[in-house]
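Residue numbering begins at 1 within each chain, and the chains themselves are lettered A, B and C in the order written.
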Amino acid sequence: MIVRELELDLDAFEGPFDLLLTLVLKEELDLADVDVAGIVLGFVERLAEREELDLEACGEFLILVSALMELKARGLFPDEEAELAELEPEEAAEELARRLAEYRQMKEAAAWLRERLAGERDRFFRVGPAPLAPEPERRLAPQDPDGLASVLRLLAVAPPEVSLAHMTLHFPPVAQFLERFRALLRSRSMFDFDQEMEGLSRQEQAVAFLALLELRRANQITISQAAPFAPIRIGRTEETGASNERTPAWNLRSA
Amino acid sequence: MEPPLRLVVANPLDRLARTLEALLVVATAPLSLEELCEATEEEKDRVETALGLLAERYGEGRSGIVLEQVAGGWAYRASRDAAEACARLFERPVQRGVSQAAMETLAIVAYLGPCTRPEIARIRGVAADSAVAGLVERGLIAEAGRGDGAGGAVRYRVTPLFERVFGLESLSQLPRLDDLGDDVDAIRERLHAVASQRSA
Amino acid sequence: MEPPLRLVVANPLDRLARTLEALLVVATAPLSLEELCEATEEEKDRVETALGLLAERYGEGRSGIVLEQVAGGWAYRASRDAAEACARLFERPVQRGVSQAAMETLAIVAYLGPCTRPEIARIRGVAADSAVAGLVERGLIAEAGRGDGAGGAVRYRVTPLFERVFGLESLSQLPRLDDLGDDVDAIRERLHAVASQRSA
């Protein structure tokens, strides 16, 4: 199975996984709108249709989807990220459990509502005024014009300042790594991925990895590994040079 | 139920009458004979007979619900005996307040002059459709042409009723907002800037 | 009419019941006991007794009009027997399928409301804007002021229509939160198991 061709049917997005990734990378689709669980479900369903386990596809999928999830988690909880990062594993687990529990309850409540709605299918009632009802006389109390001024003043107050605590965990744009890797391959025919990742934060590494996948997809690099766990080597292809002048080459291809 | 109908439970005319009862209590407009036939999948004659039974059961002086034949068809109304109680229900001299959504919308339209729903939504950060519809219904704002020619969105302005309710002789009497800007354009700009911060 | 009521015409309880019948047939939304007392200028006890009589007369299976207790008040609806005929003529308020996103959003607002879009998004892990807009449009949720005043996001609550559509007498009829998500403890245990491995 080719993971990137996985057809998705989500609230925010419909189409192949591949296109979803591209849109997210180009920041044309907000990850906050994407239901990652829906992607996982779609994949698992496809997987279940097959007789045997496609380990390669599973591996690729896990990497892609975990990168997506990390990006999304950080996007959704920018403020709390710093706090969470400082938590002991037990505390973090408890916090995560609390959130999962809350969502779980709401999911079940939604299921209950759905069932209830189905049960009320044959209950009809009037929505709106009766045909021959008297016209309601809705008198409005005299209002204070200062009320108008004060709501407008409230609307002109800037929202509370966003905590800067998460700035230390800033996510670099993918484009930054695209450029960096292309620049490297202009001066060298090959580089060692792990070496380049040295000193980078975990989220920078995640973004770098996404950039790598993107370059591979656009056939601008080769990726090789002598043995499992051996260093990952990134090499030049003929297209590496060609696309140097025109960065949007992969944009055109993937849009 | 009238005894004759209750005693002969299996009588299909009784069942038809019940179905008509139900249809009439859900309708927001009088139902024509045709509509009643269509909904019940019955012949005109039978529906008319059943309506006759209902008209008798729901007759003035017999029931609080009165079935009436009007221009558009059949509909329930309140009995005349209940007129006073209905008047108390509908003409409650309760002094109605203005919701937060309505107040914000009114303030925007009053201070910034005719504006469209998208602009109101942008400043408030939420869709303005129901707030605008409610204010139009209550006569506090009214349409004032379209913005930027034919294809533009409908613009709204406040009405004389708005001025009366807020005790203003004219809009120039609105409290000043010097702290927000020098003129309408400055205030508008400020509100837009904050709105984009809020949505960021 | 039930014979007991018809035979004793002078019985004021009968008259009260008729007045209630009338009020309920013209009301736009369910009427609370308080509203009924105010409109009829009667004591609670008597109104309750009269409502009991009406509930019996307009019971499911007895009449095409059914009196039900819903959304904090009393209202008529069509009997379930007439559902097919009603469906030919009317749309149910929430006939079209409600998406999973909308249903989860609805559950969150029903249990945790009033709450803001960012709060809903935090719980669901997905932005809630379009789900919220759709629910507002259907009249199932409505604005309920802003959180924390200045610069705050608009908060939402469920509407009486929500209770009506789902046939709830009040929100207290929703299942208790404690009774939902009973596999939560298992999740918690697994997470803690992972955590202790990592910290070891």
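Convention: a residue touches a chain if its C-beta (ideal position, glycine included) is under 8 Å from a C-beta of that chain, and two chains touch if they have at least 3 such contacts.
This is a predicted model, so every value here is computed, not measured.
Centrality by C-alpha centroid: the chain sitting nearest the overall protein C-alpha mean is C.
Among the other chains, B has the CA centre that is most remote from the centre of chain A.
Mean C-alpha position of chain A lies 41 Å from that of chain B.
Separation between the centroids of chain B and chain C, computed from CA atoms only, is 20 Å. The geometric centre of chain A is 35 Å away from that of chain C, both derived from CA atoms. Counting partner chains per residue, chain A shows two or more touched chains at residues 124-130, 132-134, 136, 157-159. For chain B, the set of residues touching two or more other chains reads 22, 25-27, 76-78, 86, 90, 100, 124, 194, 198. Chain C makes touch with chain B in their complex at residues 1-3, 6, 15, 17-23, 25-27, 31, 35, 38-41, 57, 62-65, 76-79, 81-82, 85-86, 88-90, 133, 136-137, 142-146, 151, 153-154. Listed in rising order, the residues of chain A touching chain B in the complex are 124-149, 151-153, 155-159.
Within the complex, the chain B residues that touch chain A are 22, 25-30, 68, 70, 72, 75-78, 86-87, 90-91, 93-98, 100, 103-104, 106-108, 110-111, 123-124, 138, 140, 165-168, 173-177, 179-180, 187, 190-191, 194-195, 197-198. Taken in their complex, chain A has these residues touching chain C: 11-12, 30, 32-37, 72, 76-77, 88-90, 92-94, 96-97, 99-114, 116-117, 119-130, 132-134, 136, 154, 157-160.
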